[in-house]
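Presented below are the structures under discussion, each in the form of structure tokens.
The two complexes that follow have chain A in common; it is paired with chain B in the first and with chain C in the second.
Up next is the complex of A and B:
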């Protein structure tokens, strides 16, 4: 947000979520909403994260567990298809990885500086049960 | 709307509490969240009865503390309703945290404060300790000296507070028991005239405007907090007094009853003046008239608007006075009194040569008698004749034991 002077904002400890009227918000995808600059959607909290989840779509079964369990609505899913992680708002809690049921997991935690292509190339193999 | 109107006589015999409750009914408050406390209890009790009897359309929210009462008022005001409540003393003290919230959030809430001493020792009677406690909270503070004024100032409070250029909460003070429980003749408005004066509530940034969602009570740190506080102070310093004057003028036109930001009695040719608040003003007015028979040109200044502080009006009222007494009805606890300090602060950079002395009086409901004021005016005349304060700068009136005087 701009660092306005004392006379350049609306009175009260009050912030608007949207620029102008907000109608049919429930049926509008986040990226299409007219969020205001003071809405937390427009602020990145990526630097809160030490570890990040990486998504491997080759193993994903679109069960939506990660989407349901994510406490920050940072799993992007469209028409019940998992698309990826909103890395501006993900805080790296790892819950999505924990609840992912596939084998190998479709989401794994990596250090923040991990290169995504390398991680995908070296994704773990399917674990087999020992007889 | 689905409520009954009440037939009132032109003059009703009401105490200050009932007068305030009637004003709250006539202003058609949407939400009262309250935790009743002596001596303000009958105000919210009165509103609750009017509500139960179908004379007002609103909500009465019973809460578990005064902190919760003001919190409920904040929520209702942010949602977009006309909101009021009442409290005193310990309850007021418990409310303090939320007083700063409501003013910082710029929510127009009217709080009737029936002034009462602060414990310990526990005391239910009137002094100005709670009123003084609120003076840095960012609220507007109006002081009523009688039931009539408690009635009138409630309407004025809503009209000032809810103005979109102001949007600051407003306290209407009256003295515990001396005003709140003393029945006097009160000139009334009909319900239609009263509501017509206050007007329909005009919401601003209300949470119930679902097409324009807002977050109230946000957090700001060192990057924004100062600007918000500066804005609030600016509006208190520049926007509130003109609005109060405008509403006082409109009220006079409607009722014939004239209010002033600083009330002056017998001040035109006065040499000596007492500055005080609450019921003491009426006592001082009576004594001032009597002092004139003894050749002492005595006057009285009553503070009607305590916050924002009437800096310019005080200077104007006291500019030709030779000796001034600041009467503080709250223990300064290790300092000169608030009125003494603030009068000194106003007069210091002026041409005033007035001898200014401070008096602490009336704590815990102790009476300020006419005899006290006669002695006080004589001291002031001696100061005026000498051109300086002959007594210590701070004295206590009406306390038992060896004379207390400091500074």
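Up next is the complex of A and C:
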């Protein structure tokens, strides 16, 4: 079905989100799902980004603010821990960085081409309020 | 009845598996998506969903892709609510006849913009509520017809510059006050109507779960900060939403059985309406000398409404 044009696409047609039976999706995480080719999960919007968020787990307190407020399901949390960013679906909006409460922040925006190891090595120090 | 999903705190909530997918085409920072996530993640039950034409629908069903991991239907702009109501009526009929293959009751939810709810889909929603379908209608209230380029709707507030009510030398923009949809839907005798905002996630989840629990048509007006039409930077969606709820421009409250009003969120520090307005490009012109009086009037309207809500809560009506 992938390459059908509008002429072949029947009005009233149905797209399946998964291949085969799909039960208990609400309790099955992405890695254990059988996504079909017509699920947008299989596509990427990485090229929308100008900046990307990088994650430094040393400072993270797993508050999950980034998880709840990410509009693009791109904060990966498992077992109550934030474990990383889904770079195929992150649009680089920067909300996760804004809502991150730690000092220094555990998420920061960088230019798309920034090397992650360098960024982590040069992560900013704790900010102290000027008196 | 199925069990209510336990969501004690954010850590527990973060173990949810989203049923809404990325690589949809909503703008970076769009609050529609944050609202959808909070609604869908409030339950583990099966869901039958619809979306009326608008940003949410147009951006999540771009052929050959769908971003929905639950049954989802789109028909037109005006009839997202009736699509779900029809499915709910069918489910009920099949259940009564004992013809359901599985004995699982799904949640029926229709999503629609303010244009599709306050204006163009209004009589369809009214019909659903009058017939008493067991469903939830969620408005993604960004106060504008965003998907077609920012035309005013009856949810657009006074003084906002929209493409069909532009601010300029002789006009301050939108002239009509925002329609009070909550009062209108409560007057339908709905068992539960509530105004929510995704930045107050706990408050919102409570309202959504309550809405799932009660029987009958539930109306949820969810504030949806729109980076494109409200004109603020995408990373500020939550900050702008906080200004909206904490200035009481968007007070959070519920009305039970059409008659008992409860305020569900009281900001610790109420911020001036001016701060909320100043943070968005759609109100930029209000800060010109000629239109500044409108900011004062706006603050007065907000104070009056808050006073009214408190009086109703106190009187338990």
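Convention: the second predicted complex is superposed on the first by the 117 of 131 C-alpha atoms of A that agree within 3 Å, B and C clash if a C-alpha of one lies under 4 Å from a C-alpha of the other, contacts with A are read in each partner's own complex, and residues count from 1 in each chain.
Following the convention adopted for this analysis, contacts are C-beta pairs under 8 Å (C-beta built on N, C-alpha and C of every residue); 3 or more make two chains touch, one makes a residue touch a chain.
Please read all numbers here as calculations on a predicted model, not as lab measurements.
Enquirer: Which partner does A:52 reach: the first (chain B), the second (chain C), both, or neither?
Expert: A:52: touches no partner chain.
Enquirer: So, A:18: does it touch chain B (first), chain C (second), both, or neither?
Expert: Both: A:18 reaches chain B and chain C.
Enquirer: A:79 contacts which: chain B (first), chain C (second), both, neither?
Expert: Touch partner of A:79: chain C, not chain B.
Enquirer: Quick one: is A:105 in contact with chain B, with chain C, with both, or with neither? Answer first, second, both or neither.
Expert: Once the two structures are laid over each other on A, A:105 reaches no partner at all.
Enquirer: In the overlay, answer first, second, both or neither for which of chain B and chain C A:4 touches.
Expert: It touches chain B and chain C both.
Enquirer: According to the contact criterion defined above, which of chain B and chain C contacts more residues of chain A?
Expert: C
Enquirer: Could you pull out which residues of chain A sit against chain B in one structure and against chain C in the other?
Expert: Residues common to the chain A contacts of chain C and of chain B are 4, 9, 15, 17-18, 22, listed in rising order.
Enquirer: Would you tell me which residues of chain C are touching chain A in their complex?
Expert: Within the complex, chain C contacts chain A at residues 10-26, 28-34, 37-38, 43-45, 60-70, 198-199, 201, 233-239.
Enquirer: Within the complex, which stretch of chain A touches chain B?
Expert: Those in contact with chain B are residues 3-7, 9-18, 21-23.
Enquirer: So in the complex, which bits of chain B are touching chain A?
Expert: 104-107, 167, 205, 211-218, 220, 223, 226-228, 230-232, 234-235
Enquirer: Can you list the residues on chain A that touch chain C in the complex?
Expert: 1-2, 4, 9, 15, 17-18, 22, 25-30, 33, 37-45, 48, 62-65, 67-69, 71-74, 77-80, 82, 86, 88-95, 97-99, 109
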